[in-house]
Structures are given as structure tokens and as C-alpha cells.
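Can you read through this structure? Questions will come right after.
Each chain carries a letter (A, B, C and D) given by its place in the written order, and its residues are counted from 1.
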């Protein structure tokens, strides 16, 4: 039940994008077309679900026992970069179909703050347990993917809209995101992931 | 014979009110003979034929004035003179249904002498080929804007592939009343025409689509065709565009027409009342198809009426003394037809009506009106059934605005399309996406543009999109 | 990331504002980076701290300065080490360098300014993934001397600090009626929306629109 | 003829304005001309040559007609202050829209009138007037940033209301008047500025029906109060459920709104709440109470059905209606907000393009065949 609540909370109340601003750059950059947006969304779900537990294990079994948690940032980012590489190679080798659809987005993900941010929020700020971290990783990815897919559909509909010249592209996308965030405020108070932390 | 009790209809569509200037229930009158006829040497989309008369020749009504060697790749029929007189000119003019074509202009001599076809003794003994030959010689073409030759040597209707003959006996276009009237007044010819056409197609099954607002015809048809098991009569709701080939076939048989295809692609031949009568007259009376019924209607017409008109009669001959104000003249259909600026434009075999509409009139605060005489798909006006004539002008009745996605065009589309998107994509050059939304399933009935509260010219946008795609693929 | 770098490279030439100012190379870089290549409003980069850390003017400024220090330090380091780092592993190496400097800044903040550090939360560590930090390293520092690179990074950092402070000022003014913690309007009804995420999105969107409207041209990007 | 003279006058002034390069003013002038002649003078240049009698004026006029009883009732219930709110909304809304139209040179659209009315009617009667102005400026401004009517993804009236809810939560949700009651107050609000002016501070003591349900020590109003609005504190337009229903039925009759959005939303909300009230009666009221409280009827008939921001396909509208109904009830029960209708509609608007994308109907046609 807790796991389910965390997934739901990560999508609705603590949406990684709309409430903690993580991963906005690709959210703005890749949401122009529906196909690439959904590809990016899937890639984020995939990577976030993998990196969060991996980093959790590293923190709790390597960094903390050795007392070198001041190195955590460097270790996390290296782990993420390494994992993305591994995922990419694995996919290329064994899942070529998936690779051809997600492959181009994978390198972009290393510097996607949603990944590192998700790790920092879940492990450093909220201090979630292992299963909770997995759930948060998955839910956060889904929440991010949902937001970018909605955004892509909206922007496709606005293709022919006479938006003021200055706002075309990123400007209007940010304003749409603002209105999305406004509607997500309604969920606040329903579930708070912080409560599941230790 | 099978009689289907329940009313059949289709998704979408619209019941038009009775517009001002509709000659409903008016008996057919014979239009006075024109002084001059202009006869295009091309029918609808079929091939143009070569003239076989020269300027100065004397011709009789029903005499062949142009023909091609039969060629299944370029279907055509012989073209007949419709009055007797002298050929004054052969020149290229614009065809009332679009494009240019060679036309023969005949000055009447007032005598109205005829040259009939050879008349067989008993049509029931004729083979399909023989009937086909007679229909070909008589120049019977199918109705609708396509105007293909009915049967003979047509690339689109090889008899062995045809399984159904469908009789379109429902007229749902606003202002078009003449063919309905023809059905009443020439009932015998109509029924026998059906039999002849069926025989010509090799005794196929016949489905007759009839409006349920025609109970008398329905009963008479049952009486006459009761003992034939090849015939099914369907009562249909008189909703526009029930008369369209794709919609009619789907309603009657449940068969979907392929995109960019014709009725013959699914084994059907669709014939109108006028064609049945013409087939009867050709085979039994030996009279070529040079006269058809036409409604002269519209809000700018003094006395609307249904007329028997010789093919090639300039519309000016029908209208000039009959207009009460300036107006826009439309040939065929006010929903998807062409406006005609030229009063010399001739009536052709495909045109069931000539409509003159009053031009848009300025009104002060039309929004405040109750609108008893307004026709609308919505219920915002108090347009009520007992008001017998709805206003019919060319007014847009509103200002053009961006699409608000009200969805009315989806509601009325008989083909289950999303016209708003098709129009948007076509107008903005997203042709492949328009095609993904089945642009070519559109039958161009014009209802989407009719109901649009934002007054977006959807029909025109969709046509433009189709044109661009066809150009690109050509 | 690759995209972002390309965009930055492409947007370098033909900027009128630079031509009206002193023409030394370092100065030109600085001005270009502050205004014409402003990371937030024109490049649409580093959006997370732009929104996450600007609910008060002081937070915005602190976040901006922290980023500035980390950028300058890592750019200079990268430039100094540019001949040593092999080309194949340069990106991971840059990231480690950046992560190192960001860790230093983070630890420093935690030690000496704990309330500020708490207010900024994970947005300081997240400087690592601010693409423009890596972008400057890759696009500029890897080819230039440490001094010039530091100047270049300083420009970007100043532009970033400026944008964040500007955002923070508006958000704090409307959200609390105060500025840098000092009450400006007495009896001000706080506009709560300006403090929550929605207000940040809307405001940044408007800023981007206004900046682009009043100085069109240049490249508006948006990459990883 | 008067109308011909008037038309020539309009044309002449328009021409003069254009000649003087005052194009912004010319756009406004064109808008005035359009509202006088209603586009009746414009002729169809392409097929179809006859057009449906409905134009955007009449289309957008219908919700206004449905709202007139609500506006009158709001004056009765809450005094002339509610008229002041409505008038101010129109003034500010028009000012913002006209500014944008003049700068951006696009036509003034009729949607503005509906937006302003719906926005004003969804405000609490105690709201400070300057907040009214801020909210409507935001609503129209955001709509115009998207390119104007027809392109706005989010319902302007609702986004304006949501802005106020988030910016000034206490002003929007805590203070409520007891409305004038026809059974006891005679001409009521028609004689007064606001209930507070008559009854003093006591007037601000009433909870809305949803507020009453959420706090255990306040008695829930009975069904008759909910329906008639006599003695029910709520937002301006949604006080009397009967009038809202009347307006809704009129709109359903005109086809301006689709029952697949409005009725489906109401029914799904009612069923969901009824079902959940069996499980947790403390958090979920029974179906009827849920439907009649919290502005759900008003929003279902007037806000959710906004054509621009709801799906255009039939299946899409079903999904949209169900989604809104269920979300509203769940949100009310599971979060602290009583205002969940607003959020549900915003979320629905957000999903609309996606729903539309996946509910394109399949056309009645077979694939194209290869020609010989």
C-alpha cells in the first residue's frame, strides 16, 4: 500500500517536474513533437527507476560505512553516467527496437537534472527506504513522462496558434507548465512523500 | 419482394428546413423551347467527344452531333442535339461543372423536329448487351456530378462485376424537388426503367432507397413490385446527404466504399429517378436523353417551379424573366455546387436544379432576433416546424472566427470524419497528416461548412487539400 | 547536452550589442554571456534552480552566486587541464571536475550559511547538472586559456545571477511584499501563487517572452 | 434606409482610421461594426452558399442567456455589490482584451463576454474588488498569450478563478455571506449594497454546503435549501441550483453544450460520491449532496462544456465528463480543498489535446484500392 501511495504521490502531489522543477530543460526542448516526447518520457522512467535504487545501495553500503558521504555528489553523478552508458550498450545489443526509439535520448539524460535531482530528493533530503526509493524512482519517472506527453499534445495543438512572437516555443511552454502546476496544486496535501522518509 | 419495415438512416447529416422558394409539390411544366442551346461535348468527368457536325449544318432534336470510338479507358457517350435548328458555332466554353470543353451551339428553328432511335418491339426480350447499346446510343449517363455513361463501354461498370442496382429515389438536397415530382408523374416509366436497367446489368438484385415522407410512392411501388424477389425497398429518413452514393450504399447494404473509389468498386451501380425514366424512354420510346427535369428555385426567383428542360438550355432562358432581385445563381446543389456568373451557362444532364439566392442582406442586431424563419442545426433560434419557409440568402449569418472546436462538424459528418482538423491541416499544408485522418473519405457534402458557427470554409479547405495531394502524386 | 553545446556555439556571432562596447576580447565575451547568451531567459538552460531557488530575492542571488563560483572555478580548472585530459574521456572528466567544485561550494554553504543552505535545499548540488556549466567547459574552456575561460564563466555566472535575482525580486515583492527580507509594502496581501511552483513557471515564461520580444534575434534554445 | 446609412458610416470611419494608420483603433471599430450587423452582411463566397443561421455571436450569446437569471438572482441574494463585481469584471476584461486586439491586430471575439460572466459568477460575494480585477486580467491575459479565443488550452474563466484561489486563498474560501432570503427579506438585495451592510458582521458566519459537510459541528443544509438557494451561502452564480439547472437545460436544448460533458460529469460525480459514501460517510457526502454543492452543477453546465477547452470528439467527451466527475469527488474527499471542481476542470483541460489525439473516430470508408 505504501509503495502504491508513493508512486501515486510521485506522480500527483510531488510531481518531479511541476513541483520540484526537475528536468525542465529537456521538458521544454523535447516537447515539440509527440513522438520524441513520449520517447524521452519512457527513457526517463527507465533510467530513474534504475539509478535511484543503485545510488541508494551505494550510499547505504559504501559511502556511509566508509564515512565519505562528502563525496556523495561526485559518486552519484559518476554512477548515473556509468549506468546510462551500461543501459545504452545493453539496449543496443539486446533490445535494438527499443534502442532505436529511445537511443538518441539516453545520452541527454546524464545531464537531465531529473535524475540527479530525484536521487538527491529521495536519498538525501527525504531519506527514503530502499523499496520506497524504487517506488519513488518509478513514480517520479512516470510523473515526468506524463507531464511531457501532455505538454507535447498541447503544443501540437498549438501549432497554428497566433501566439505572440516572443512567446513562441519555450515561453508558451513555460506558461502552459505554469497552468499545469496550478492545476496540480489541487492534489497537494493528499499524499506527502516526506512522510514516508526516515 | 422484401419490404423492410424499419426506417434506415445514417450517423450525422442534417434535416434542412423548407427554404423560401422551394417548388415543393409543383407539377412539372414544360419549359418553353429555347432559341439557342449550348451543348457541351463532355459529360461530367467522362471524356470529351469529337463533333461530327459543322458550323452551318442543320440538325434535328435527338440527332447525334458528337461521338467517339468506344474506348473503355475513356468512357463517353454520343452527344445529341436537343432542339432542331442550325449549328451556328462550335467553340470552347467553360463547362458549368468546371473546366473548359468544346460546345456546340444550335440556333432553334422553332419547328422541334425529332430524330428518334431505332425502337425495338419488346424490351423484355433484349439481351443486356443490346440494352446497353441502346442506352449508349441514347446518351444515358448516370446522375450525380460524375456523369459517367450509364453502362455501355464504361470502364467503371463492367456488367459481370456488378451485383446490385441501387435506385436513389430520395432527394435530400435543399431546393431540388423536380426528380421527386418526376417520380410521381412518370411512375410507370420509373418502374419500367428500373426493370430495364436491371436487365441490362444481368438481372442483379435491386435496392430502392425511398424517403419515408413519400408514403404514396412507397405503397405504389409495393403494389407494382410485390411479386419480384429481386427487389428490396428501403424507407429512409430524408436527411441530407442520404442521396450520396457512399452514404446510400452504406445505409442500404452496410458496405463501405473505398477512399477515392466509386460505387462500382463494391459491385454497385447507383441510378437516379431521372436515369430510370431516361432509360425507359430510350429503350421503349426510342427517345435520346436530351430532356431532363430541373427545379428552378431559390429566394430570388419569382415563381419557383419544376420544369422539363432541354439539355443545353442556357440558365438565362429559365431565369431572366423570373428573377425578383439580383442574386447568386448556383447550379445543382447550394451545398457543394458551383456559383455561376454566366447566364449563358447551359443545363447539362447532371444538373437537377438551378437556384438563385438572394444576396446577403444587412440586418441590424440580427443576434436579437427570435429567428422563426432560420434554419439551424442547433436550437439557438426558435425555428419551428410550422413556419413553412426558411430564410435563404447567401449571408454567412455570422463573422468568420477561429475554430472553437464545438464539434458540430463531427456531429454532422456522414463519413465520421473530423472536418475541423482536415480543414486545418489542409489549409496549413500538413497534407500527410490530413491523409492519415482519411481526407479522401470525404464526400464533399458541404455540411461541415454549413453548420460551422465560426464560418470556416471547411469544404473549400478540404477540396484544396485533396487537389494539392493529387497534384503532388501526379 | 550535445544539442545545447551546439546551440551555444551557433549563437556566438553577429550580436549588435557587443559592438557598441569596448572591443577587447575578454570584455566582449563577458557582455555576450551576460545579455545575449543569458543562460536562463535566452538559452532556456538551468531551469531547475531558476525556479526552485527564486521564491525570495536573497535565495535567487545566493543560488546565482554559488553557481557563479562553481562555474568560474570549474571553467578555469578545465582550461588549465585542457592539454592533459584525453579527448575520449573529456566529458566524464569535466563532470567530475564540476562535481568536485560544486561539492566544495555546497560544503562551504552548509558550514557558514546553514539557513541559506537549508532554504536552497538540493538546488545547490544540482548545479552539477546545470547544462551551461558543462556547456562553458566544453565549448569555451576546452579551447582557451584559464584566464579567458574564467572571464567567460564569470559572464555566464553574472547573467545567471542577474536573472535569478530579478526573478526573486518580483516573486518576493508580490509573494511577501518584501525585498531581501525587508518589508516594503505594509499591509500587503501576499500573492501566494508567486511563492508556489506555478507562479515561478508563469513568471519565467513571461520573462522569456518579454526578453525575446524586446531583443529579438539570437538563438533561443532549449536542450538538455 | 437607416441600416445602409449606418453601414456606410461604419465603412467610412474604418477607412479613415486605416488611412491614418490607426490600425489598432480600426480593429476595435471593426469589432463594433460586427456586433451591430452580426456578420449578416457578409456573403458566402464559396460552397456551401447557404449557411446555418448560427454564428459566433449567437453561439456565445446562449450561455449569456442562461446566465442572466443567475446574475439577477445574485443581485437579489447578495445585493448590488454582486452587480459591481460583474460590471467591474466586464470593464477590466474588455480593457485587457481590447488592448491585446489593438496591439496584435486580431478581431475581438465574442468568447470574452462569456468568460467575464462565468468568471464573475464563480466568485464569492465578499471578494475585494481589486482582486476581482486582478483575476480577470490574468484570465484574459493568459487567453490572449495563447493567441486568443479558440487557441486557449485552459478555460479562461476557470484559470482566472484558480489564480485567485492560489494567490488569495483566504479571501476566496473563508468569508461567506448568508444571502437574502425571499421568504423573510422581501425585496432583499435589490434594496441593499450587500448583506453585510444590513446584518453586520454576523452575515459572515455561514459556511458553504461543502464547508458545512467538511466540518462536523455545522449542520448540513437540507435539500430544499440546496435547490432553491434560500439561506445557502455560496459563490454568486451557483447559489440557486434550480436556476443553474434551468440554464443548463436551455443550453442542452440549444446544443451549445454537449450532454456528454455536462450530464456525464454530473452523473459520474453523483455515482462516485454515492458509492464512496457507503465506504467513508465522513469524507464523502451522498451523491445528491455532492452534485448540488461546491459549484459542481454550475461548472458542469457552464465551465466544463467550454468547447475550446473540452475534447471535440464524441468518445473524448465521454472520457472528459467521467474524468471530471470522478476527479472532483475524489479530490474533495482526499485533499483539503473544497474547490476541486476548479482543479478538475483545469486538469481536464490539460488532458484535452491528448484525449482528442487518441479518440479521432474511424471514418466510414474502406482503404483506397489500387486502380488498374
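What we mean here is this: contacts are C-beta pairs under 8 Å (C-beta built on N, C-alpha and C of every residue); 3 or more make two chains touch, one makes a residue touch a chain.
Nothing here was measured: the structure is a model prediction, and the numbers come from that model.
Trainee: Which chain has its C-alpha centre farthest away from the C-alpha centre of chain A?
Mentor: When every chain centre is compared against chain A, the largest gap points to B.
Trainee: In terms of C-beta pairs in contact, which of C-D and B-D ranks higher?
Mentor: B-D
Trainee: Starting from the mean Cα coordinates of chain B and chain C, work out the distance between those two points in Å.
Mentor: That pair's centroid distance is 69 Å.
Trainee: CA centre of chain C versus CA centre of chain D: separation in Å?
Mentor: For chain C versus chain D, the centre distance works out to 41 Å.
Trainee: Just curious, how far off is chain B from chain A if you go by their C-alpha centres, in Å?
Mentor: It comes to 60 Å between the two C-alpha centres.
Trainee: Calculate how many whole Å lie between the centre of chain B and the centre of chain D, each centre taken as the average of the chain's C-alpha atoms.
Mentor: From the centre of chain B to the centre of chain D is 45 Å.
Trainee: Which parts of chain D, given as residue numbers and ranges, touch two or more other chains?
Mentor: Within chain D, the residues that touch at least two other chains are 145, 147-148, 151, 163, 166.
Trainee: Where in chain A do residues touch at least two different other chains?
Mentor: In chain A, residues 164, 167, 172, 175, 179-180, 182, 185 touch at least two other chains, as defined above.
Trainee: Counting only residues that touch at least 2 other chains, which ones in chain C make the list?
Mentor: In chain C, the residues touching two or more other chains are 193, 196, 198-199, 209.
Trainee: Could you please specify the touching residues of chain D with respect to chain C in the complex?
Mentor: 145, 163, 166-169, 171
Trainee: Under the stated contact criterion, what part of chain C meets chain A in this complex?
Mentor: Listed in rising order, the residues are 1-4, 44-52, 92, 95-96, 99-100, 102-103, 106-107, 121-122, 125-126, 128-131, 134, 193, 196-206, 208-214, 216, 220-224.
Trainee: Would you mind writing out the residues of chain D in touch with chain A in their complex?
Mentor: 104, 106, 142, 145-148, 151, 153-154, 159, 162-163, 166, 331, 334-337, 339-340, 342-344, 346-347, 349-351, 353-354, 356-357
Trainee: Touching chain D in the complex: which residues of chain B?
Mentor: Residues in contact with chain D: 11, 19, 174, 246, 250, 256-261, 265-266, 328, 330, 333-339, 357, 359-367, 371, 374-381, 383, 391-408, 410-411, 414-418, 420-421, 437-438, 440-441, 446-447, 449-455, 457, 459-460.
Trainee: Chain D touches which residues of chain A in the complex?
Mentor: Going by the criterion above, the answer is residues 34, 149-150, 153-154, 156-158, 161-164, 167, 172, 175-176, 179-180, 182-190.
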